[in-house]
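Next up: the structures, one after another.
In the two complexes that follow, chain A is the common piece, with chain B as its partner first and chain C second.
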Partner chain A sequence: MSMDTIRNSFDGDSSVLSWETWNRIKHTERFVVLSSVLFVLLFSYAFGRAPVVSDVFQGYHGLAMTILIWSIFALGFNLLLGQTGLLSFGHAMFFGTASYAAALFAIHVYNEPLVVVLVGMLAAVALGVVSALLLLRLHTVYFSIVALAIAQFLYFLAREPLVEITKGINGLDIPRVPLLGIVDLNHEYSGLVGTLLVNNLYIFIGIFFVAVVALITRIRKSPYGLIFKSIRENETRTAFMGLDVWRYKFAAFLLSAAIVGLAGGLMAVNTQFAGVERLYWSVSGDIVVMTVLGGLGTLAGPVIGTFVFFYFKGIVNGFPTLGNYWLLLLSLSFTAVVWAYPDGIWGMLTDFTAALRDPKELLTKTRQRIADLVPNGGDR
Partner chain B sequence: MALLETRGLTKEFGGLTALDDVDMAVEEGELVSLIGPNGAGKSTLINTITGQLSPTAGDVYYAGTDLVGMKPFEIAQLGVGRSFQTASILPELTVRENIQVASFAAEHGSFRINFLRRRDSFDAVQEQTNEILQTIDLDSKADMDARSLPYGDKRRLEVAIGLATDPDLLFMDEPTAGMSPTETEMTVKLIGDLLTEWGMTIFLVEHDMDIVFDVSDRIFTLHQGRLIARGTPEEIREHPAVREAYLGGGEEA
Partner chain C sequence: MSIDGIVGFLFIALSVASLYLLVAVGLSIVFGSLKYVNMAHGVLYLAGAYIGLLIASSNQYGGLLGEAGQVGLGWGFIPALVLTPVVIFVLGIVMERFIAKPFYERDLLDQLLVTFGILIAAQELVAIVFGRTGTIYPRPEWLTGAISLPVIGTPPGMSAASTIRVLVVVLTLLLILAIFAFFKYSDYGLAVRAGTEDSEMAQMLGIRVGRPFLLIFAVGAAYAGLAGVLGGSLFNVTSGIGMEIIIPSLVIVIMGGVGSLRGTVIGALLAGLFFATATELVPSMTRASIYLLAIVVLTLRPNGIYPSTEIGQ
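After this line comes the complex of A and B, so read on.
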C-alpha cells in the first residue's frame, strides 16, 4: 500500500513505461512476499514505537501481534468468501477449536509451540472435513446460517457439557515453553532487532504471517485461484465446463479452515490461553467485518481491515469520551467505506493511486461516483 | 452406432409433460438442429441430456454410456460440451481467464490437486487457450474483463467456453440470438469450421430458420414435448405436421 504512494511522490509524472514495469512487478510473487516481510519488520515499530508515526497510531507491541494473528484469520476467511464466494457466518468454529486443540495438546500431551500450533491447524482441518460435508450441500443464506449454527453448537458444547475438558468460561492456561526446546519466545532483543521486532514471539508469529501470505499468493496464481473465482462467478457454468464444483469448494473450505486454524493455534500460544469466547458468534461476525472493510478478494484488504478494526477496538476505545463510542464509530466508518467503495479500503486506495497517475480520470470518476451514489446509493 | 441416442426420454414437471417419449439418434460428425415453437421442450431436452435435469423415464446414451444419473460435470468430461442460450460467462474474469477455466477442465479432468503450482506453468492449457482465442477471433480482447464486452462478443465468448472444454459433441443453444447480421455470418462460418476442421458433432437449437435450413444435415422438430418430424431440411420443409405446428399452418411460409 505504502509502496504505491512512495513511488508516486518520487516520480509523479513518470513515463508510461515505468508504470507498466511497476504494474508487472507488483503482481509477482516475490514482490508480494518481500512486501509482507517488510511489513512484519516495520509494523510493530511503526505502530508502537516509531517517533511521530506511533504518536498518531498510539499502538503497542502486544496489539501488533494480535493484529498479525487476526490478519492470518482474515486471510483464511477471505479465501472462502472473497475468492470462492462462500459466506460462512461460523468461522469462529475453526479459530476456537484450533485454540482448544492446541491448549489441550500442550497440557495433556506435549508442549512445544510449533507442534502445538500445527496440532491446532490439523484439528481445524478435521473439523473442516466434517462441517463441509454438512455445509456444502447448502447454498447462499442457508450455508451461512448453518455454519453459524454449527459454531454456536460448539460454543455451547464447550461451555457447559464439556466443562471438565475445557474448564468452561475459565478457559485453559498453557505454560510457555521454549520453541523447539531452545528458543525462548519471551526473549527480548536489544539494538536494531529489539527496536523493530522486540521479541522472539513476534518473530515466530511474523514467520507464520509471511508463510500464509506466500501460500495464499501461490494459491491465487494456481489453477485453484482461477477455478475458485469461476465458482464464485457462476457455479452452474463451471460445472458444465466439466469441473467438479463440490470438490473444489471442499478444497477451498479445507484450505480456509487450515489457515484459520493456524491463527487459532497461534492465538493460544500468544496469549498462553484458550477460552470459549473464541468460538462465540461475534468472532465470526468480526471477521466478516474486517474482511469486507479491508477489501474482499484481495490480499492486502483483509490485513488492512483487521488493522482498522483493532485500531478502533484497541486504541480508539481508550480515548477519553470518544472511546465509549468506538463500536459506533467503527460501524459508521464501515458503512461509509462500503457504501462508497464496495471493494473496501484497499479498493479505495487502489482507485486513489490509479487516479493520482491520471488526475483527469479522478475527476470523471469522482463525478461518476457522486452521480451513482445520489439516486440509488444503497443498492450494493 | 449413433454418438448420441435417447430412448423413450420423458420428463414430467408435476402434471405437465415437457418431454414425451422422445427417441432420437445423432450420428458422429453431423449437424442436427432442433426446432420447435416456444415451450415445445427444446431447452428441457438439452437440460435432460446434459444432466441438469433427470428424466422421469427413458435413457440417454452417449457413445454407449448411459448418461442418466450422471452429474453435469461428469457428462461434460465425457466430451459433451454446451454453450448456453443466455451468455453464461464469468463477468469479473478476463476473456482469457474465461477460456482458461474450461481449458483446465479439458486438460486436467474434473479435479486435480495442484494448488501449489502456478497456472502459467501449464503449457498445454496456455496453448489451447490461445488457439481458442484465435479461432473465435477474441485475441485482441483477451485481457478485457468479460463483463465489458459488447453483446455479440459475449455470445462468442460463450461459444468459446463451450469449445474450450474440447467436446466431441457440442450443444449450441441459439448461438446467434441477438447478434448483428455480420456477427451471425461469422458464427455460421464458425459452425462450419467446427464440423469440418475440428471434426465435431453439433446439436443446434436455433430460431433463425434460414440458418437452420442452411447448415443442418438433419432437423428434429419438437412440438408439445413430442418429436413430430425428423429428416433432411427438404423433408422438414415439406412435412405437413411441421407446417401445421410450426410454420403456422403453411399460410405464412
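After this line comes the complex of A and C, so read on.
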C-alpha cells in the first residue's frame, strides 16, 4: 500500500496532495481497524499457504494462531509499558492465571469457549486489583522487580503447594466443545474461506484480535489515553494538573491485565491445555523482548515483534546449524535494539519510509555519511 | 528440636542467606552508588560457576564441547575458589567499562532491559557451548560430611552442619566485614561515599570518582563469581542459574532498601531464615517463600527495610 503512494510521489506536484491524504487516512481509527481485519484475513494464508510468500516464511496455520494470541498479549503489555511507561517484568502472572482460571472453570463448572475466555479475563482483572495495591506504590525498577517477584511467587505456588488443583508440571487438559453449543471450532472450511481462514478457531481468535486492536485504538485516540501518555512523560506534572495519577495508573494496569487475561484464556482454548510454565519468568521476559523489539508505544510494533519472535522460535529453530542459535541471535538483537535504537523494528521501518519520501535528501545524507567515513579511516 | 537440629537448621538458613548476600552485595552497591541496575550481574555468577568448574575438574560436556572429550584443568576445589574471583574481577572491569558505563546516564528501565538482554544471551551462549544438562561440582573428601577440625575433631553440637555450609558462611562473613571496613576506613571507600552523595561535587573537589567506582564494581563482580563457585557446589550447575540467582538477589536488594548495605544484609538473612523454616515446616513452599517474604515486607514498608540513600551504612 505504501509502495504505491511512494511511486505516485515521483509524478509531480499532485503528489503533495496525495501524501497529505495518506497521512490523514492512516491515523484514523477506521483505517486502523480495517487494516487489522485485513491482516487477520490474509495473515494465515500469507504465512502458511500463499505461493512464493509462504515459501519464504515456511510458516503453518497453527503457528499463525499462536502469533495472533501472543500479539494480543503483547498489545496488552504495551498498553502498560508503551503508553503508561510502567515496565512490568511479571506479566506472566496474568497470562498464566487466566489460563488456569479458564481451564479450571471449563473442567469443574461449565465448558463453553466464550464463557471460559471471559472467566480467564475476569480472573486476571481480579489478580490485577490485588497486585496493583502493592505494585502501584512503587516506581520504575522497583515496580518491575516486585512484579517479577509476585509472578515467581505464583509460579512456585502453582507448581508445588497447589499441585492438587493445578496438577503441577503436568498441567490441565481441557476438552474442546462447540462454541455456544453449535459452532464447531475445529470445523474446516473449503473454498475461499478455507484458503484464507482454514477453521473456526482462527476466526474466533481473529475476532478477539480485531476487538483488542479497536479497543486500544479507541483508548489511544481518547483524552483518557492521552492522560496515560502524560503520566509516562512526567508523572509529577500530571499530578500538578490536578489529575489523580494513581487512579489512571490503576486503570491502565487493569486494562492491561484484562487484555493479557484474554490472551491467556484464548491460549487455554487454543492449546486445550493450561500449565505452570505460563507463569514462569521466561514468559514475562519473552513478552518484554517481543514488545521492545517490535517498537514500544505503537500498535504495529508489538505485533511485528511477536511475529519476529515466533519466526525465530518456530521456524529458524528448525533450520540446520543456524537453528541452534535462534535464542542467542534473538536476545542479541533485542540488546542491540535497546542499546542503539529504542524505537524498535517498527520505528526503523517508519523512519526509513519517511526518508524515502524525500529521496534527494536521503541521497545527500548517505553521501555525507560515506564521505565522513572514508577520510576518517585514512587520517586516524 | 535437639541442639544438632537447631545448628543444622541455622546453617541451612545462613548458607542460603550467604549465597544470596554475596550476589546481592555487588548489586546493592552498584545500584545504590552508581544508580545502575544490573541484571547482567547474574552473568558473573554464571561465569563464576562455569569457570570454577573448568578449574576444579575435568568433565564431559554436551553442546559444542561434546566432541572435545574431557574439558577442564582438574586442579581441585581450592584453586577454583581462589582463582575464579580473580578472573571474574577482570570480567567485572570489562563489564563496567563496556556495558555499564555507556548506560550510567540513561533511564533505569533502559539499563534493566539491556542487562536483561545480555543475561539471556550469555545464558544461551553457555547452553550452546556447554550443553543444557546440569553438571555437579566434584566435592573433595574433606568437604563432605560434618566439619572436622585438626585437633578437637567435630566440635560439640556441630555434627549436623556440613563442612561446605560452614565454609560458605565463614567466607561470606569475612568478605562482608571486609566490604564494611572498606567503606568505613579506606580512602577509596570514602571516595565512593562522596561520589554517591554528590558525584559532581566530589569531582569538583578534585576527587576522581571513576576509579573507585570501577574498583567497587569489580569487587562486587568478584563476590558474585565466588558465589558462583560456592553455589555451584551446594546446588547443581546449569545454564539457567544466572537468572535463577538474580531474581531473588534483586528482590533482596529492593526488600532491604536500595542503597543500604545493612538492609541488604538483613534482607538476605531474613530470606535465608524463611527458606530454612519453609524447608522444615512446609517443604512445598520452600522456593516460593522468599517471594512471599518480599511481598509481605514491601506491603508493610514500600521503601524497604532501611529506606536509606547513603551507601555503606
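As a working rule, the second predicted complex is superposed on the first by the 339 of 380 C-alpha atoms of A that agree within 3 Å, B and C clash if a C-alpha of one lies under 4 Å from a C-alpha of the other, contacts with A are read in each partner's own complex, and residues count from 1 in each chain.
Criterion: contacts are C-beta pairs under 8 Å (C-beta built on N, C-alpha and C of every residue); 3 or more make two chains touch, one makes a residue touch a chain.
Model, not experiment: these values are computed from the prediction.
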First, second, both or neither for A:245, with chain B first and chain C second: first
Touching partner for A:234 - first (chain B), second (chain C), both, neither: first
Touched partner set for A:255, first chain B, second chain C, both or neither: first
Which superposed partner A:224 touches (first chain B, second chain C, both, neither): first
Broader residue contact with chain A after superposition on the shared chain, chain B or chain C: C
Partner chain C, residues of chain A touching it in the complex: 87, 89, 134, 137-138, 140-142, 144-146, 148-150, 152-153, 156-157, 159-161, 163, 281, 285, 288-289, 292, 324-325, 327-328, 331-332, 334-335, 338-339, 342
Chain B to chain A touching residues, read off their complex: 50, 52, 71-73, 76-77, 82, 84, 88-93, 97, 100-102, 104-106, 108-120, 122, 125, 161, 164-165
Contacting residues of chain A [partner chain B, same complex]: 29, 218-219, 221-227, 229-230, 233-234, 236-245, 247-248, 251, 255
Chain A-touching residues of chain C, taken from the complex the two chains share: 37, 102, 108-110, 112-114, 116-118, 120-121, 124-125, 128, 243, 247, 250-251, 254, 258, 282, 284-285, 287-288, 291-292, 294-295, 298-299, 302
